[in-house]
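Notes follow the structure.
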């Protein structure tokens, strides 16, 4: 990471949160593998993935400067993830 | 017309319109054979007439593109053509090849791949003509002003020539034959021709609406980017059932579903430009054709293409009248309307008189487009019924065809309307009422072109 | 300076993006080419007679009435599976004879029926054409067409 | 291009020329590419979900052959690479060309690491006999991740290009493509490896 300037800090923070969300996603996958908490696990994966996508869009791609577009992309990704994970939840692997 | 050498475009447009008339005439004959199968069955069998129908279409559209390029490149580049003589030589070559091919077909001289039936000498003639054209146009562009329109147009025209080279490669293995055959057919009509289409439309929007060039350029690049980003891998929708790997069903379905995007963008582009435009251009007919072009291309190529492009659907509809429906409206909307638009726009300039007789031309538009739309509907219904009877119920082809007779009668009727529309168009463009011309008056009505 | 370059950047992204898709398409074509040669078609069965049959198919412009693997005109039946439809899998000789007989008896001349021209092919040419149909019917077409009707 | 009429017009007019796309940071044309790519990958992932619903047994059995650790590792690698690329954009904006180039270089190396891991995974699957045509799951897996990997390769070339011609605009545009590759991977990872 570049050092010194203040504006760099959100970037470092973004990165750290992204890493944390990835780890949490792996935890979600572990939950989704089992029986009782399967739905919670799937929901967690979808939710953390949506957060990650939003972080990348807002901070890496700098859409925080274009809130309308950020909202549009977020909705599209939300709908996609909702569709995929609902299908996965509805049709469990035997 | 600002540059003398633009005049060569007129000869291209005349030849294009002559072939257009031939194309629809043979189309009408084919439509009649569908309902009266014994008609001319010895003298002009269906396969021969169809070769002339499809080949004449391709050649006249290309002639129209060449003419459009010779018309708009000098104006865009702000310089005379490199060599009008070469342009004439190229036209002669193409017309000798085209008429030679047609006469040859009537005497059963041809090769055998669909749309590429031209004998080898004609193919080589086409290559030679293409080389002359590219040489001529490229040098013109290089010596003059470079614009986004000429840039995209040139790329499209180079692409047409390069991908035509695959027409010369005919492997003995049928699957390979088909793979590379689509390199010509698909990448032409759903790839590089779209570049030509977008650039000609952009030129017309610039002239007809007076919108800033900056804005037009951006639309142009966005549209052609969408066209190639989706269209190249969209070739996959032809690679479902010809002996190619199964993954094409995924690639083809996804990318060709998105092929609607550039056509939709073209609709938005043309309508937004007209809406925003500051200029009241007197050539209303040209504007009508341009708007009709983007709209009908969106329906024919975009919507009707999407209808049967997903692999699980195409599995049942592949090779039925659904394809014929899509093919007719797509070619008409995207490329026939485009050429008629630029011809309608350019002819008054080329003949140096004000664009009048527009009412007849606009009636021709509605007659032709209405006929085409009705033909598309009848063929679509025929195709859906055929799909069910033949592909689902497993009834035999000819039994199914007999049950479709009513649709084929209606299709023939719509064909009559189209031919009448074409005749009216030719009359409106070529035989204007003499008394409207006011000799000696400067007829350049459009400022700042 | 930067704004004047906007158009050239748009052009570069258009070129770059298109080139990327072209390269991907080319790579997939190469894969499909070898798949066709090695997997989906019978390369060893591509005898002189089959090649001759394909040439006859082309010389007579059959594609402008029929379809072959769904491509062509839609005026006459699909022929990619004509071999199967004529029972060639169980009785190759019977199917061959039936195809030849059909070709020889055209045109039917029946009023109101679509007419197929008489192509005056020799016996050897008819055999080659039948060999071509047999070879095409063995291409792995991902189970297309859905049924024997074609 | 860019000469002739382009150069003599006001910047204001040009920025308005992109319509709603003008609001996006960076190059509008790149955003058209990004949106197209998201549509393509979105459609492919949706297709995956439908196919999986039609044959959950096959998908679950095949999915067991993927190594979630490699996927997670690659996620971390790519996101880190993205962070360096984002840093490069900020440095370029501040006019620090040298730092910009260093950061792009590091992002580039992480990209190479991603490809190394990915190729290792492919080699493993192929050695186990799971190729492109093995079954629907693996066809989709190879198509989606392979197409993504092709973007990584293409993105690396773009990074190299914008490091060489490191104007603020170029860096922003090039890194936008790289972030799109990041974003797509996050979705691909969740669908193929985690669920």
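Note that the chains are named A, B, C and D in the order they appear, and that numbering of residues resets to 1 at the start of each chain.
By our rule, a residue touches a chain if its C-beta (ideal position, glycine included) is under 8 Å from a C-beta of that chain, and two chains touch if they have at least 3 such contacts.
For clarity, every value in this text was computed on a predicted model and none was experimentally measured.
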item	value
For subunit B paired with subunit C, centre-to-centre distance based on mean C-alpha positions, whole Å	25
Rounded Å distance, subunit A centre to subunit D centre (Cα mean)	16
Intercentroid distance (Cα basis), subunit D paired with subunit B, Å	36
Distance between the centres, which are taken as Cα means, of subunit D and subunit C, whole angstrom	38
Sites on subunit A at which at least two other chains make contact	none
Multi-chain contact residues (two or more partners), subunit C	7, 10-11, 13-14, 17, 24, 31
Subunit D, residues touching no fewer than two other chains	1, 3, 6, 14, 28-29, 33, 132
Touch-based graph of the chains, sorted into line, ring, star, complete or other	other
All pairs of touching chains, each written as two labels joined by a dash	A-D, B-C, B-D, C-D
For the subunit B and subunit D complex, residues of the former touching the latter	145-148, 151, 212-215, 217-218, 221-222, 225-226, 229-230, 245-247, 250-251, 253-255, 257-258, 261
Subunit B contact footprint on subunit D (complex, rising order)	1, 3-6, 9, 13-14, 17-18, 28-29, 32-33, 36, 39-40, 43-44, 47, 132-133, 139-140, 142-143
Touching residues (chain side subunit C, partner subunit D) in the complex	2-11, 13-14, 16-17, 20, 24, 31
Subunit D-touching residues of subunit A, taken from the complex the two chains share	1-2, 5, 7-8, 11-12, 14-15, 18-19, 22, 25-26, 28-29, 32, 42, 45-46, 49, 52-53, 56-57, 59-63, 65-66, 68-69, 73, 76-77, 80-81, 83-85, 87-88, 90-94
Complex contacts: residues of subunit C adjacent to subunit B	7, 10-11, 13-14, 17-18, 21-22, 24-25, 28-29, 31-33, 35-37, 39-41, 43, 46, 50-51, 54-55, 57-65, 67-78, 107, 111-115, 117, 135-136, 139-142, 144-150
